[in-house]
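Every chain is named by a letter (A, B and C) in the order it is written, and numbering of its residues begins at 1.
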Amino acid sequence: MTGHIRYHRDGALGRVTLEHPGKFNAISRSMWRELRAVFVAIAHDTALRCVWVQGADGHFCAGGDIAQYPDFRFDPQALHDFHEIDVWGGLQAMLDCDLPILAQIEGNCMGAGLEIASCCDLRYAASTARFGAPIARLGFPMAPREAALVAAAVGHTTARAMLLAAQVFDAQHMAHSNFLTGVLAHDDLQAHCQSVVDTVLGLSPMATRAHKNGFRALNRLEAQVKPACVATELIAPGAVQDPLIPYAYADHAEHREGITAFLAKRKPQF
Amino acid sequence: MTGHIRYHRDGALGRVTLEHPGKFNAISRSMWRELRAVFVAIAHDTALRCVWVQGADGHFCAGGDIAQYPDFRFDPQALHDFHEIDVWGGLQAMLDCDLPILAQIEGNCMGAGLEIASCCDLRYAASTARFGAPIARLGFPMAPREAALVAAAVGHTTARAMLLAAQVFDAQHMAHSNFLTGVLAHDDLQAHCQSVVDTVLGLSPMATRAHKNGFRALNRLEAQVKPACVATELIAPGAVQDPLIPYAYADHAEHREGITAFLAKRKPQF
Amino acid sequence: MTGHIRYHRDGALGRVTLEHPGKFNAISRSMWRELRAVFVAIAHDTALRCVWVQGADGHFCAGGDIAQYPDFRFDPQALHDFHEIDVWGGLQAMLDCDLPILAQIEGNCMGAGLEIASCCDLRYAASTARFGAPIARLGFPMAPREAALVAAAVGHTTARAMLLAAQVFDAQHMAHSNFLTGVLAHDDLQAHCQSVVDTVLGLSPMATRAHKNGFRALNRLEAQVKPACVATELIAPGAVQDPLIPYAYADHAEHREGITAFLAKRKPQF
């Protein structure tokens, strides 16, 4: 059984569900492509007023689908294409959306899940949800554009703890770090999200699109200073001329060890 | 009875009071002009060391004076002049002040009140105060420069919830979002503000002006990247050549419906 | 007895201790130079994976060594050299470090201590720690680059309260302001820091250096917009041509009064 990004239109509301049974909705390659397709479809549907993103079966998303990683991660070109085409394609389609996007977050919100949530406007989580990106345990760094996206959304202090020290945080911490809009008791989360969505649906769509485009414009202003290509270039000098430079670690022994150890359910030795 | 911005000089302290009886100090057009005049006067008074802003009668400010809106909001040129000359004139005069400005916030701090508080340095609120800008209920978006100002002060997560979902927040939330410097029990607020003002008045004025100018310089640095005109241009492409573009919504049916419904005390239909 | 920056290498961990007995580890001129030397040595030691900074004897650092100030603060050139060569030399060496730096913070974390902590990635404090920079009581402003560094780390709302109103904050406030990564009971702090360090030491060093360089690159991106020289120039126009302009206050009566009063243990009169 493989995962899917489910889409369901419910009047002026678009419902997006991350679904990968048995894997806490880990995002596979094909799911990143489906995520892009869903948000491209949303962009063409002018009757929509709001988008609601959630995970299936009590989790938001546990990260990437690590079982697939040996297929493509150890070759620089394949690794580049995964991050720059599949992953960023999905995330950029979300960032291009000119409607309010609400994320309802339960359970694990890790790695890829944190990146997807970072593209949403209104983030409500159950008090039991957990957030992190402990990928240095897997022997590789977050891709430059993705790291810049997450650092902006969770704040530099929390991002440093997540990436440099593999720390995992609870919902209360993520509310204090201003990543979450609100934290609810698990049993109240769904009703609270419904109530916020109902409010959004009752607002002036003209004003709401203007507001969302305003936030996107403010982010584009930051992007003039911190464009993804510049982030990539600075983190990995030379990347503009040779886009594989940020992914030159593909064949690195620590990268192989991290992923191999994870799949073998043993502790990695770095 | 119409509102006023009251100014009283008390030694080295300038006291500014937002006062509009019966309207929770809603800011009328003439009050925006008075706000500018007061802060221009403060700029020329070199013996001042501190400014203390508060609202009269238990509220900071409930927003704009909506009763006046039918007079000018439905014409693009008049709407432009209101936002770019009257409103921004008052806010810019506050931003130009090189003294510490303390805001004492009780009751409602909404819309225009939130914008005025965003121009202050030290923000103390009663635990019962409420913050928001639910103007999409009124059928129109916050003007670009004002939205950029508020988003910088309250943070993007809270600003998105306020503007995209008409959410209203309590003082505790606004402290966690780092908008407020402190939250006090209602009965302790006045004394706490007095104590902070006393401390400010006892510091080296040379050092304090240097510090305030430092913060203003850091903001001007951001303004080189996120200048108001660029924000306006990006949110409403073409605005540099045609400044009415951001206000082309003046005659929009949702704008008329929102304001008309509010004044008729009925729910708007968008 | 004069202070020192102690350095001890413990396997892949570099341990840095701020130590100035009887002065809560106040940083003297020679300690700023030693701080630079220690971090230059760390930069050349490729076997290191993590750096752990703490203060001796229950305090992080109470600020600068004010007893030395009459020796050099009242002459613009000497004051310039102190801030731009000694102080910034130490801070820049910390900012250049491509390893995760953990700060363990107990007791006072004031002025120079706050600046040193601002150069760390992971900041854990005892719940009893105190944070501030009430230097306007001493009759002088924080130097431009140092103020920009602190404002970015503690956030503008808290920085304004610290510098404009001499406010001192507890650890809980500094966690909410997203300066601290975590707050621990005093007796749990050491063990918690050890556990985070152990985690960092077990991660992929390749991934960790890539992450740290990523954060440094994001900061360099900001520095393209908010470079220290531009901050200095804007805060003190003309400083690029005449670098003494920001330090022209050296002989100012308030500066002399603030430091003299402090050393005489009396209240300054500004």
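Remarks
We adopt the following convention: a residue touches a chain if its C-beta (ideal position, glycine included) is under 8 Å from a C-beta of that chain, and two chains touch if they have at least 3 such contacts.
Keep in mind it's a predicted model, so treat the numbers as computed, not measured.
Interface chain B/chain C: under half of the residue numbers present appear on both copies, so the contact uses mostly different residues. Chain A maps onto chain B through a rotation of 120 degrees [Cα fit, steps of 5, range 0 to 180].
Separating the centre of chain B from that of chain C, both taken as means of CA atoms, is a distance of 34 Å. Within chain B, contacts with two or more other chains are made by residues 176, 178, 225. Within the complex formed with chain A, the chain B residues making contact are 135-142, 144, 147-148, 151, 155-161, 163-167, 176-178, 225-226, 230-231, 234-235, 249, 252, 254-255, 257-258, 268, 270.
Looking at the complex, you find that chain A touches chain B at residues 100, 102, 121-123, 175-176, 178-182, 196, 199-200, 202-208, 210-215, 217-218, 220-222, 224-225.
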